[in-house]
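Below: the structure, in structure tokens.
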Amino acid sequence: MTERLEAGFSCPAPLADRRTVLLGHGSGGKLSAELVRDLFLPAFRHPALACLNDQAIVEVKGCRLAFTTDSFVVKPLFFPGGDIGTLAVHGTINDLAMGGAQPLFLSVALILEEGLPMESLRRIVASLQQAADRAGVGIVTGDTKVVEKGSGDGIFITTSGIGVVPDGLMLSADLARPGDCVLLSGSIGDHGMTILGQREGLEFESAVRSDSAALHTLVADMLAASDRFRCFRDPTRGGLASALNEIAASAGVGIELEEPSIPVREEVRGACELLGLDPMYVANEGKLVAIVDAADADRVVDVMRAHPLGRFARRIGTVRAARSPVVTMRTTFGTTRIVDMLAGDQLPRIC
Amino acid sequence: MCLAIPGKILDEQVSNGIRSGRVQFGGITREACLDFVPEASVGDYVLVHVGFAISRVDREEAERTYALLASMGMLEEELAQPDDPAGGR
Amino acid sequence: MKYVDEYRDARLARALAADIGRRTTRDWVMMEICGGQTHTIMRYGVDELLPPAVELVHGPGCPVCVTPIETIDKAVEIASQPDVTFVSYGDMLRVPGSRSDLFHVKAAGGDVRVVYSPMDALKIARQRPERRVVFFAVGFETTAPANAMAVWQAHREGLANFSMLVSHVLVPPAIRLLLGSPANRVQAFIAPGHVCTVMGYSEYEELVREYHVPIVVGGFEPVDILEAIRMIVAQLEEGRAEIENQYVRSVSYDGNEPAQRIMAQVFEVCDKKWRGVGPIPQSGYRLRPELAAHDADRLFGLSTMTAEEPPECISAQVLQGLKKPTDCAAFGTRCTPERPLGAPMVSTEGACAAYHQYRRHAMDPVKVRG
């Protein structure tokens, strides 16, 4: 897919001509969005897909089911706060929960690399089961394949999940409208910096752990407090910035954030400073953003703070009208900057 | 150019002929090479760029100039009208 | 974080901005050299706090942006070889060469790795003696001591499989070139604080004397930059032209002597081509002949590689501060971070990328805030 460039400009870079898949295509930023928009949507063409939410809502004999799938490719496999198993269960449950669904059943497909220690596999399977049990969902079917040594990162996990959506509940990113409040359930960047910290040999003074958690009971409490939610999102790959950009693009609105209100743990901030990363783009695995009618915002925040996963919940911004979708942030200086979608992965910088 | 962050030296050691130490930056710690700051010791703050300390933070200087700055800031607050936008815009 | 948070204090920033406003009686144009300083200005909206009479233009302070195209091509060539492990700082991966970039090499199966420190590249070389490990040693003077230490250590240890592809650029010759250009509008400079941490600022005295321009060595936090601007405005308004140091907590007149010593043992000054600017005499470093065994340029036989720069991209004018990224017709439309036409849009420190990431809405006629 090549873009025609006008006369007078010659592109020195072949990036416009994407002949191969790049790592950036999996990063949750613009390249990922491009792949979805230009390849998957035209190919698969189902209305349930076109909404581009984390889950699809399909109707089966009068019952609204939420249906989702996800893949997990984290390295290292084990890290403070969890492992690829807990990540897989929580991540899938969260995709369902973001659609307002009560999660019920999961499938787990494993692609194992030849040579993976059996002990590692046992630990991961135990994690999968424990996480599912704690969340009250059943792992009811699965599959296993083994690939040759060198073809995989130890283990890849693909899941799918089914849940039931209560009657009358309509959640979708495109419902966000000017005046709505943006709520965040807690500190950002914990998961991504835990993983990167492991890889970069950073020691954290106090335990920075992945925040991987199943959010469905928090969502349930929030839904009980208000019937005027527009949507929920869990800001995983691409971070808070990408999730909010997606919502803004879906609804054709602007989102304006207040920088001082966005919580970042001190250790996470230090790690980001050192590597030249912005916490807004770092992955989270146990946080959510919600767009809700302004009138209910305070009550919902109170309800969130009463839940263990929402203790540091707060309002972080407002939805505004905009000519074209944009996420902006008022800085601590009172000036305004854009919080754009990243093209690919965020890279540590030296400059 | 260039990203360098101030951190506190927690300990030091020599290995492979290179002096290095653990440096703490606001809640995280990472190893850094200290060969370019022979005058820095444990407890000092250094600026670290790509895993190397490139200067020792001159604390006295820093405190002196910062105090001047801060006093200017306080004076400014006393002088400023409530609706006087800083910067003249 | 100590020595960071204090210099992000909004109250201090506003006080400095107010003081600048009071001192300014006419229009002034000044340039911050360093990409990290541009980043801070954009991210905190420092220029929004300044009086309209003070204009900031962004200089070529992005070693990633000014790395010549042929150097990227060499990197791609080397990284594509099956027995090579190519190790680089993150910033370099997306920079476009004539036909490809390191990201594409990685996607095609090349062993390309990102590290935070050159010592990590050394570790890889020690762990994998069967691989030819090549480190992409890019940067200004700030990064030169670290890069020098890596190759020095490799030399001492006899680590034959470690080499460096060097592309270092020096700041004072670039300022000299800018000042010597007939189109130059810049009346004062904020010198890069971390380059000066290593090199000191004695080199800038000559420039100040010859061209009668104020130069203030500035730090990287918003309060540092505002303080440096305040010092510059004071000089300009009083008709002075001196070298001054704002970043006293890190910079001394002579700089870091141990760092300079090792640089002198490893590097020698050479003429260098800057992407988007052209050749600048005595403006780069290359490895000394004694270290030829670790010089990837020689080892891989690529010294004669050349490349054509597309003449139409206005990176050249942006890097010289003659135009703003927003003056470019392609900015934000045909040239974006994911489809860059030139390096300043690719590098996160490039003026174009910084503008795009933080300020694109300034072009949108509908203001988001009421």
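Chains here go by letter, A, B and C, matching the order in which they are written, and residues are numbered from 1 within each.
Heads up, the rule we're going with is that a residue touches a chain if its C-beta (ideal position, glycine included) is under 8 Å from a C-beta of that chain, and two chains touch if they have at least 3 such contacts.
All values derive from a computational prediction rather than experimental measurement.
Colleague: Using the mean of all protein Cα atoms as the middle point, what chain has its own Cα mean nearest that point?
Modeller: Centre-most chain by C-alpha means: C.
Colleague: Weigh A-B against B-C on C-beta contact pairs and write down the one with more.
Modeller: More contacting C-beta pairs are found at B-C.
Colleague: Of the other chains, whose C-alpha centre is the longest way from the centre of chain B?
Modeller: Greatest centre separation from chain B goes to chain A.
Colleague: Approximately how many whole Å separate the CA-defined centres of chain A and chain C?
Modeller: Centres of chain A and chain C (C-alpha means) sit 33 Å apart.
Colleague: Starting from the mean Cα coordinates of chain A and chain B, work out the distance between those two points in Å.
Modeller: Chain centroid spacing, chain A to chain B, equals 35 Å.
Colleague: Using Cα averages as centroids, what's the distance between chain B and chain C in whole Å?
Modeller: The mean C-alpha positions of chain B and chain C differ by 21 Å.
Colleague: Spell out, as numbers or ranges, the residues of chain B touching 2 or more other chains.
Modeller: 1-3, 5, 25-26, 49-50 - these are the residues of chain B that touch more than one other chain.
Colleague: Could you check chain C for residues that touch two or more other chains and list them?
Modeller: Residue numbers touching two or more other chains: 1, 4, 14, 34-36, 48-49, 62-63, 89, 116, 139, 143, 349.
Colleague: Quick check: what residues of chain A touch more than one other chain, meaning two or more?
Modeller: Touching at least two other chains: 200, 266, 269-270, 273, 276, 349-351.
Colleague: Using the touch definition from the top, list the residues of chain A that touch chain B in their complex.
Modeller: That would be residues 197, 200-206, 208, 265-267, 269-271, 273-274, 276, 349-351 of chain A.
Colleague: Under the stated contact criterion, what part of chain C meets chain A in this complex?
Modeller: Checking each residue of chain C against chain A gives 1, 4, 8, 10, 13-14, 34-36, 39, 42-46, 48-49, 62-64, 69, 89-91, 93-94, 96-101, 103-104, 106-108, 114, 116, 139, 143, 222, 309-310, 312-313, 330, 334-342, 346-349, 356-361, 364-366, 368-369.
Colleague: Within the complex, which stretch of chain A touches chain C?
Modeller: Result: residues 3, 5-6, 8-16, 20-24, 30-31, 34, 200, 254, 256, 266, 269-270, 273, 275-276, 320, 322-324, 326, 328, 330-338, 340, 342-344, 347-351 of chain A touch chain C.
Colleague: For a test of understanding, state which residues of chain C touch chain B in their complex under the given definition.
Modeller: Interface residues on chain C, with respect to chain B: 1-4, 6, 9, 11-12, 14-21, 24, 34-36, 48-52, 61-63, 89, 116-120, 139-140, 142-143, 145-146, 149, 153, 156-157, 192, 194-195, 197-198, 220, 223, 227, 248-252, 256, 258-259, 349.
Colleague: Going by the contact rule set out above, which residues of chain B touch chain A in the complex?
Modeller: Per the stated touch rule, the residues are 1-3, 5, 22, 24-31, 48-50.
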